[in-house]
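So, here come the structures, one by one.
Each of the two complexes below includes chain A, the first together with chain B, the second together with chain C.
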Partner chain A sequence: MPNKTFFWFFLPTGLAMILFIGLPIISTGIQSFYAQHDQIVKEVKKCDPFGCTVSIVVDNEETSKIREAKPLGKFNGFGTYTDRNHLAVEEIKKFWNETESFGAFIDQVTNLPFYKALIFTLTYCLFVTPNVLLLGFIIALSLNAVARKIRGPLIFGTILPMIVTPLVGSLVLFWMIDSQGIIGANIQNLMNDPYLSLKSSKTLTWITIIIYGIWHHSPFAFVVFYAALQTVPQEPIEAAIIDGASRLQRIKHIVLPHIYPVVTFVALISLMDNFRVFEPIIGFSAEGSAQSLSWLIYDNLVNEEVILFGSAAATSIMTIVGIAILLAPVLIRTWKEFRIAR
Partner chain B sequence: MDYGLDKKTTSLKTFNTIFIIVWLLIACFPFIWTFWGSFKVRADFFSRSDWWYAISAFNTLIETGGKFTTNAYSQAWTEGEFWKASKNTVIVTIFVVSISLFLGTLGAYALSRSTRNYAFWLLILALIFRAMPHITLVSGYLFPFFELQIWGILPTTIVVLVAINQPFTLWLLYSFFKTVPRELDESALIDGCSYFQTFRHIIMPVMWPGVITAGLFSLMLAYNDFTVTALLLNQENHTMVPKIQSYLGTNQHEGNLMWAVSSVVSATAPLFILVMFFQRQIISGLTAGAIKG
Partner chain C sequence: MRKILVTLLFLFFGTSAFADCNIKSGSINILANDFPALRTFVETSKQCKGNADFKVTHSSEHNKIAVPALTANPSEFSARIAANSSIVPLMNQDLIRPLDDLVKKYGKGIQDSQLITIDGKVMAVAFMANTQHLYYREDILKDMGIAVPKTYEEVVAASEKIRASGKMQHPYAAAYKAGWNLAEEFVNMFIGHGGEFFKSGSAEPNINNAKGVATLNMLKKLSELSNPDYLTHDSEAIKVEWESGNVALMTLWASRSGTLLDDEGDPNITKATKLAGPATVGGGNIPAATLWWDGFTLAKNRSDADADATFRALAHAASNKKMVADAADQAVWLVEGFVPGPKSIGVIEAVKMKAKPYPMLPQMGLMHGALGSEIVEFLQGKESAEQALKDVEAAYISKAKEQGFL
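Take a look at the complex of A and B:
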């Protein structure tokens, strides 16, 4: 296809992506260097028969004037990145000097909002992704062994958790697991602890959200693996059976190597999706004990008084850096393959 | 071809059946339970004293005189203005699906028929864009949109959702276009068609399965979106998912939690019906990128 034709065909979608994905990333980058204006204060002298007092009040007029003149806020350089709510450079230095043991230091650091969120996000990715692959693969193997006639409805049931939006999916589970729901109440009875509830413990909340993640993402892995299983050639498997290979050996030495590229694909996609975990935190109302990077950004953007554009942007940029680190190995591999192919 | 070589032992078959039943229970029961509970009153579905009330409908009988009540639905749809939210969702979904299919088919066709390097890099760029968390993009939108005074209205959200959806649509349609043989284009070009005519009259008619799959995914994205719609739309224009979240927010109000339950059911039902009919397309779409690409 000639370059000119390609250009006109690609222009609409390219324009949409540049305007609403490319530019926003740049806009986020610019915003992250600005912070909202401080309120301008003035001294007011109040005199009454008993003498004069000087009090400091917020000058609303001046504040709104400067906000209007420079809506982006004041230039802050890397200030937002290094402040307490983000990388917290000062605090970490302080903790390093003050705390006795390494454990105490880690304890202090993981209580800072950004690191807390980062650790939750990484824990979530680390536990959900491998389990999704495993469960998805087992379900695919298992459904593949069922008679073809009844597979349709079974597949429909299996993919339900995937097609609902994460907010709805987490709500539906939350209403059951909550202390007033069917599962929560029964666990309370079983454990004989009437105060046991999701919100009472951080570990329990984390486990619930991770279980939710596995529940929500496994169907996707299942669908892809199931389709890949259909393409596994039968001859080597039959040869293996005749040679006396056990079922496990057949899976390990024939099926898995065949679907290996698909496994990396699923791992990549679910890693990308898990890294942006956010809606389940709202669905489970778990803000108290579990915060993710995306949730931090959301929280800054729905701030009641002033929207913290700068703070949200700085977290966004660091999230994008995180994504880039996750994607880097894949991109490098693709690039190498591409060079060889040329 | 099955020659009956692969004999499964009875114990393996039993284990397999039990596993599938357990998994299906885990996957489906929450939805069935929510559907059941949406016809109860709050004191039953979120019972402080006994979870069995949700089944025996103890309070529902006292409060409404029947074992089932549709109060939650009627209140959410009228008082809760869920009708408005669903109207907005329909508008957003229709526009997002049609616009993203239009842009996506053009772009993906060009990508699949170009042999140059930049086509490869554009696809990689689309993959990177696909990885961006939506909330980071939203944090980039908010400020310019406030300044331009286009925040809060449906058209802005539609355009944003179309753009966010493009990378995935491009990849999906690209892998479908790849399966259409090039000879088809070439013969049309030799016969004197322009590229656009070839695309319009020769390629599109054989591409319907791919277009339907891509359309379904755009539809699910637009229908299910929370991040973009919650932050880019004002209260008046909220679609269903942010609306459901707003019912949760005010815990002081007794009826609100049941509104959320009933609207969750109302929002999920159309999606389930759709998936029931188009299951094959969804599965082929999810696998298209993975198997062929």
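Take a look at the complex of A and C:
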């Protein structure tokens, strides 16, 4: 395609991307460098049905003057990024100097909100992504082998987890694992421990969310792999059969190399999705045991009665950076292959 | 204090001063939390809408919507039903208007004790009071020969006894869902221990002390007597637990008593469900509970005509004797003419015991948020009480710095 044609083709998409993705990210970036102005408070008398007290309120007249002069807030540089609720640079230095063993140091660091969330997010990615790829591939292979007649309904059944709204899907599981739900009560019986609760144990909550993640994301991998399997040429496979190659050997030496680019693609998308894990945490009411980076952003924006725009913006930017770092190896590899192919 | 007692305990035979309801124009749009009393209140105000446009949004997520919706100009809502805590962000951002003129003009039936004044200006009109207090199963306590607990120490002892008898495995319940609910339980218990959240006259946190530790230890003891899923249980979930007969002692909002004692569910449990005042803790004499009011505020970024119409409609409800008589079961109304019934015991006892109101401070929301997430690990047994309180203070300080309070 000539460059000019490509340009005109790409222009509308490009504009939309700049408008709806680029600019918001830039604005978020700018926001993350600012904090609120110092609050000007004054002591006043407050009366309610239970009596009167003297306490402080924000002085709105004075505050609005400062706000009008500098609507963005007080410039804070990387202050929000390095504070305790984010990268916690100072706290980590302090822990390093104060703790005696490396284990104690790690304990202290993982107690900080950002690192706690980061560890959950990475664990989730680490377990969900490979399992989604594997499960998706196995389902695609199996479905590709069954008779054409029943394939349609089977495919529909398989992609059902993706059709079910994430929140609904997680709620259903949430009720099942309740200590009086079908799974929860049975586990209690099996273990003979009436105090066992899937929801109150951190490890069990993590496992539940990860299993849910695999269940929910596998259909996507399956659909893409299934489509790719349709493009595998029959001749080399037939030749391999004549040469006496087993089914496993055929998959390893012919099918996998053929659909390899698709695997990379699914891995990329899946990693990106999983790094932003959010809905299951809300669905499972798992805020106590599992917090992800996306959940931190949500928490800053809605859970406080005071909205922390700076904090939320800083976490958003760090999430974007995190995704970029995670994807870098795959992207570099794809780029290298592309160069060789040319 | 005296005012509310007067309001609650005596029946006034005043003039039937109804708000003027001849509204000709304007548009009314109300944002409110979702529980029966508020629905009744809004419905009552709707009767008086006249020719005005009337819309209402009842949502349990009202806190998340309020600030953004009222910041817009013109704002989405003309009125917001707020409480002690949720009026603070509106005040911080200067989003609500003083009501003095409107009260003078249209607020005939509203009593002085209903007015929330800040710095001499009326910022809200309260219409109901709320608190968390004890509920108990009379049949179970009688069977076991346990007196109705007055302190949380007695609640623990009673629950342990019930558990030991094998009658119930998890005899106690309270809304310990990680986040806002759990933090609210901490606030109650900390105030019961006589704690102050901030060093006097500043926004410096003041919870990492003996009172904080005692508070956490009590919460932990209670949580061990609760359903193991307690960290996911909000008020609605423990209400369900209660109605399934799994719980004998519970700390819950007074505003939920209506649905707890209605005809739905097992009649034997409903019959045995009794209300008591809030418990004290640690030998203190004020209850481990906070008093709350619910009242209406008007958006600043909305035309005067809309504010006029909205105030008149809401004032009609906030001074409506028929409403408080018909819905006496739903809430402890602060409106003239309310006769407290058996379901109001919790709030009345709390007021008598001199319970403190929830602190209406600009930085309290940040403290509440920090508490909700940082004390979870202590309850799970993963860290010490001191460490948890240190974490709360540190998380609060970072947030307060970003918000310019420190």
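The rule is simple: the second predicted complex is superposed on the first by the 273 of 342 C-alpha atoms of A that agree within 3 Å, B and C clash if a C-alpha of one lies under 4 Å from a C-alpha of the other, contacts with A are read in each partner's own complex, and residues count from 1 in each chain.
As a working rule, contacts are C-beta pairs under 8 Å (C-beta built on N, C-alpha and C of every residue); 3 or more make two chains touch, one makes a residue touch a chain.
Not measured: the values here are computed from a predicted model.
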item: Contacts of A:5 with chain B and chain C, given as first, second, both or neither; value: first
item: Which partner, chain B or chain C, touches more chain A residues; value: B
item: Which of chain B and chain C A:16 touches, first, second, both or neither; value: first
item: Chain B versus chain C as contact partner of A:299, first or second or both or neither; value: second
item: Touching partner for A:202 - first (chain B), second (chain C), both, neither; value: second
item: Which superposed partner A:325 touches (first chain B, second chain C, both, neither); value: neither
item: Chain B versus chain C as contact partner of A:168, first or second or both or neither; value: first
item: First, second, both or neither for A:47, with chain B first and chain C second; value: second
item: First, second, both or neither for A:178, with chain B first and chain C second; value: both
item: Which of chain B and chain C A:307 touches, first, second, both or neither; value: both
item: Chain A residues contacted in one complex by chain B, in the other by chain C; value: 178, 285, 302, 307
item: Touching residues (chain side chain A, partner chain B) in the complex; value: 1, 3, 5-6, 9-10, 12-14, 16-17, 19-28, 31, 71-72, 138-139, 142-143, 145-146, 152, 154-161, 163-168, 171-173, 175-176, 178, 180-182, 185-186, 215, 219-220, 223-224, 226-228, 231, 234, 237-238, 241-242, 247, 261-262, 265-266, 272, 275-276, 278-279, 282, 285, 293-294, 297-298, 300-302, 307, 309, 312-313, 315-317, 319-320, 323, 326-327, 331, 334, 338
item: List of chain A residues in touch with chain C within their complex; value: 35-39, 41-42, 44-51, 55-58, 60, 63-64, 74, 76, 80, 83-85, 91, 111, 113, 178-179, 194-197, 199-200, 202, 284-289, 291, 299, 302-308, 310-311
item: Chain A-facing residues of chain C, complex; value: 1, 3-4, 7, 63-64, 67-68, 84-86, 88-89, 91-92, 94, 113-120, 126, 129, 169, 177-180, 227-232, 291, 293, 334, 351, 357, 359-363, 365-366, 368-369, 372-373, 376-377, 380, 382-383, 387, 391, 394-395, 397-399, 401-405
item: Chain A partner contacts - residues on chain B that touch it in the complex; value: 1-3, 5-6, 8, 12-13, 16, 19-20, 23-24, 26-28, 30-31, 33-34, 37, 45-48, 50-51, 54, 102-104, 106-107, 109-111, 113-116, 119-120, 122, 124, 126, 128-144, 146-147, 159-160, 162-164, 166-167, 170, 195, 199, 220, 223-227, 231, 241, 244-245, 248, 260-261, 264, 267-268, 271-272, 275-276, 279, 282-284, 286-287, 289-291
